[in-house]
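Everything on this sheet refers to the single structure shown next.
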Amino acid sequence: MWVYEKKLLYPVEVKECNPKLARYIAEQYGGADGELAAALRYMNQRYTVPDKVIGVLNDIATEEFSHLEMLATMIYKLTKDATPEQLEEAGLGAHYVNHGHALFYENAAGVPFTTTYFQAKGDPIADLYEDIAAEEKARATYQWIIDISDDAWINDSLKFLRERENVHSLRFREAVEVLKEERDRKKIF
Amino acid sequence: MWVYEKKLLYPVEVKECNPKLARYIAEQYGGADGELAAALRYMNQRYTVPDKVIGVLNDIATEEFSHLEMLATMIYKLTKDATPEQLEEAGLGAHYVNHGHALFYENAAGVPFTTTYFQAKGDPIADLYEDIAAEEKARATYQWIIDISDDAWINDSLKFLRERENVHSLRFREAVEVLKEERDRKKIF
Amino acid sequence: MWVYEKKLLYPVEVKECNPKLARYIAEQYGGADGELAAALRYMNQRYTVPDKVIGVLNDIATEEFSHLEMLATMIYKLTKDATPEQLEEAGLGAHYVNHGHALFYENAAGVPFTTTYFQAKGDPIADLYEDIAAEEKARATYQWIIDISDDAWINDSLKFLRERENVHSLRFREAVEVLKEERDRKKIF
Amino acid sequence: MWVYEKKLLYPVEVKECNPKLARYIAEQYGGADGELAAALRYMNQRYTVPDKVIGVLNDIATEEFSHLEMLATMIYKLTKDATPEQLEEAGLGAHYVNHGHALFYENAAGVPFTTTYFQAKGDPIADLYEDIAAEEKARATYQWIIDISDDAWINDSLKFLRERENVHSLRFREAVEVLKEERDRKKIF
Amino acid sequence: MWVYEKKLLYPVEVKECNPKLARYIAEQYGGADGELAAALRYMNQRYTVPDKVIGVLNDIATEEFSHLEMLATMIYKLTKDATPEQLEEAGLGAHYVNHGHALFYENAAGVPFTTTYFQAKGDPIADLYEDIAAEEKARATYQWIIDISDDAWINDSLKFLRERENVHSLRFREAVEVLKEERDRKKIF
Amino acid sequence: MWVYEKKLLYPVEVKECNPKLARYIAEQYGGADGELAAALRYMNQRYTVPDKVIGVLNDIATEEFSHLEMLATMIYKLTKDATPEQLEEAGLGAHYVNHGHALFYENAAGVPFTTTYFQAKGDPIADLYEDIAAEEKARATYQWIIDISDDAWINDSLKFLRERENVHSLRFREAVEVLKEERDRKKIF
């Protein structure tokens, strides 16, 4: 079970209304390689991976939910004071007529989130490569958002999140090597 | 942020392998009115509802994630010892060739989860009616699963979960009345 | 069965070409909480609701189809004289290369309509709360379109349609109370 | 606008509970080439086809809605007295836990309806070939259902509906020839 | 089996960076009536059509894959030198944060490709009308892209592709007549 | 461009009608980790990967298309002589009423194929990990099908295909190491 603590994992500073940037950040909120996809992927896989990997998946899943909350906070703060006209100029007119000022799990193009974006195969090696790929893809998305962003404060948070993906990728790569080694050892005897 | 505690919100007793029942429980794991839809819906709406409703949404969202974990535990335990042939007899042959023994966020017919199942409008009254409807629909789903289930132990957990939906529905109905009253009071002055 | 009458339920006045507004109105034509979703939802639910609610669902379903026709007429008239360049400026370039000047059941972001937007549970209370939520969400959508619209004539039609959603919401709320009362009466005896 | 008349376009005789057949009929209720797809396709295309084809589209759209109602009546009557166990045996267990005894716009495999099944191009020749193809595909679907059905009474209704698709196909093929002739005549002068 | 030859079916000349046009061409790369849909449709249908039509489907499927490659080449060349800002101005900001400079099978609005766009019925007449419609719809899409394009060199390639669709449509219309004739001959004897 | 050669890459022996097995093989024809997903993924990524990886992607994409043809041949031969009743017993009743004896790009549960199953990030490392994961997932799927299959002849072909995924995975892992080495070398100077 989870317990909610009323604080963010890492502080989010939003200095000014910037709905255009909010739209791009939505890619990591409800897009193919975003934090929602990551959190749900690991939370679901943990039932059928080998015991020694369960902890890694559990930790990272919980962390990704907290990342998701950071992104939601950014999006909310970047858009809350925007007028409908400002949302429209930022390419969020279609979002506004559907959701008003609310957030939604959709990518930057407005395509709703689907779990077809990720996978669980019940094969530990396949699942861990899926997870490494997920982290590398998330890292790339953060990079593309940073590239297109003009807000230094938000970029600071995004760089923190991008760096976490690198750490996770490394942990999954270590895990896959441990499992392979074990598998090979079994084959020998 | 969330903190994980290594225990279930409410104990889940699985006495025997029963993949057919697992398939039906998947409706609440990855289906239209399941716990995943509920948790994500409230977690997302909480940014734009009036302050006095944020706490309710936050509490229920966190609880629904813990319900989701209970369902995952049930599905896992009901299927982990099943042979491919037993999964096939239970109507899970298609699931097996795609996911092996892993779980996945899809409904009982194997349709992947999508966030088009729910909504956030940025209008407090509309969002709360969406939430009441969500709880009533979840209650109905639990009822249909209990109807078709032949496992008394699992039914005990499902009845607990169904009852929680009733409680949530009541809380949302109270919240909507509070907001309406407030809205009407504002109109008068 | 239905019979077509060659007139609109309520007149639609379009004074000038305005493809940008047409794009937003599409949210109610083919979006999550639009008239198509509403009409199909009630038309489908009516088979399994209690007898005394069938008439309400039938009437409102039929009315929503006529609302859908009003929206189609608006969209058509607001776009028919637009050049490809004007459509492009209005954010309808992607629509144009796919559909030319034709209409399509997609939301303002161009996401195709799907029936995962709504539900039928075969439980009368759940279905009616689904319907109340639907009307409140449609009301909100009309509000957001009116907010972003700059066309007083179209807004007049949109306000008429928004008002109808309020009336429907009220009728569904009355129906749910009648059913609850009846259910409670049964429990007593 | 449409007016509802409380009768079926063509009588539907259901002699006995047969949920398995209901499941197959759902293919024409909420499937890719079913009556819902047909009705919505023509209703939407009629705004941008040449004047002389509007009437055909309008008539057929209205008729398809009445066909849809016939199918709904069949599905309802074939399933209303089935127990959850009987639904399960008929392959409708997944449907039951999601929708109870309610109907839903999904195909025989339980995949929800989407408007990506059809198209409107704003090009009269392309749209009419789309419509001919639609009718031929619907005819084929009826044939496959009749092949697999063991209910002579239902087959009578299905054959009536299949025959109507042939008539519609013919009307669309005539319309496309008229338009081509006109187009060629214009090219000459 | 297929063998790759390292050349394009027809040369593609790209004179300058033009991401906006690339976005529209994406409609034929990953949209409802594009070359991917066409190639997959015919490649899949060829197993169950009458022998004398297999060759046509096979030839056209292979050709459409080569058309797809032409489109990919255009999109790549039109965007490869664009900065993130230029992509953003062209309406490709959402694409950039998801895919960087990579291509993807989605339509001009960013909606991912799905095989619900096409069909295979296992009925030769229905399948061939589906194919004629496909070609006519593809022809229309090319026309809409040419209308909105301002690049004479690209338009030359697009006109070549549009013309091929006409040729394919004719071949499918001939094939359907051959099959109908045969069917009628069988009915007589 | 591609040239079709009228032979299979590797012979496919089908000894008897076995529609149930055909249904499972469909997972690799139109499912999340199947040959279609693989072929399209590599064919699309090759435009933006570093030059030295283009050849690998091109070769494997072309090979996967030929694998797809092998699977289509299996599915066709395993079902072509099945009666509607036999298809129904094999869980293909829903497929039959939609597609008759035709094949379709859908998974074993009947869910249509979508390109949301895969990704292209325009970041070489991320794309190659996506590809390694793809091959490992495909390998797992072949394993699950072999586990559930009772046909030794088909299993021979499936084992050949599974082995090819291992080879591809290895090639992608080598490619990722080459790129990382190069990246690190650049960082040093």
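We call the chains A, B, C, D, E and F, going by the order they appear; numbering starts again at 1 in every chain.
Everything below uses one rule, namely that contacts are C-beta pairs under 8 Å (C-beta built on N, C-alpha and C of every residue); 3 or more make two chains touch, one makes a residue touch a chain.
Just so you know, these numbers come straight off a predicted model, no measurement behind them.
Visitor: Minimal path length between subunit A and subunit D through chains that touch?
Guide: Minimum number of steps from subunit A to subunit D: 2.
Visitor: If you take the chains that touch subunit B and keep only those that also touch subunit D, what is left?
Guide: Neighbours common to subunit B and subunit D are C, F.
Visitor: Count the C-beta contact pairs for A-E and for A-F, then tell me which is higher.
Guide: Most contacts of the two pairs: A-F.
Visitor: Could you grab the centroid distance between subunit D and subunit E? Build each centroid from C-alpha atoms only and quote it in angstrom.
Guide: Going by mean C-alpha positions, subunit D sits 28 Å from subunit E.
Visitor: For subunit B and subunit F, what's the span in angstrom between their mean Cα positions?
Guide: 34
Visitor: What's the distance between the Cα centroids of subunit B and subunit E, rounded to whole Å?
Guide: Here subunit B and subunit E have centroids separated by 42 Å.
Visitor: In subunit E, what residues contact two or more other chains?
Guide: Answer for subunit E, listing residues that touch two or more other chains: 32-33, 100, 109-112, 114, 116, 119, 121-123, 140-141, 143-144.
Visitor: Which of the chains touch, listed as pairs?
Guide: A-B, A-C, A-E, A-F, B-C, B-D, B-F, C-D, C-E, D-E, D-F, E-F
Visitor: Give the list of subunit E residues in touch with subunit C in this complex.
Guide: Answer in residue numbers: 20, 23-24, 27, 31-33, 91, 107-111, 140-141, 143-145, 147-148.
Visitor: How about subunit F: which of its residues touch subunit D in the complex?
Guide: For subunit F paired with subunit D, touching residues are 84-85, 88, 93-98, 100, 109-112.
Visitor: Over in the complex, which subunit D residues touch subunit E? Could you list them?
Guide: By the definition above, subunit D touches subunit E via 32-33, 114, 116-117, 119, 121-123, 125-126, 129-130, 132-133, 136-137, 139-141, 143-144.
Visitor: Using the touch rule from the top, collect the residues of subunit B that touch subunit A in their complex.
Guide: Against subunit A, subunit B makes touches at 1-5, 7-9, 30, 36, 40, 43-45, 47-48, 58-59, 62, 65-66, 69, 72-73, 75-76, 80, 99-106, 112-116, 119-123, 127.
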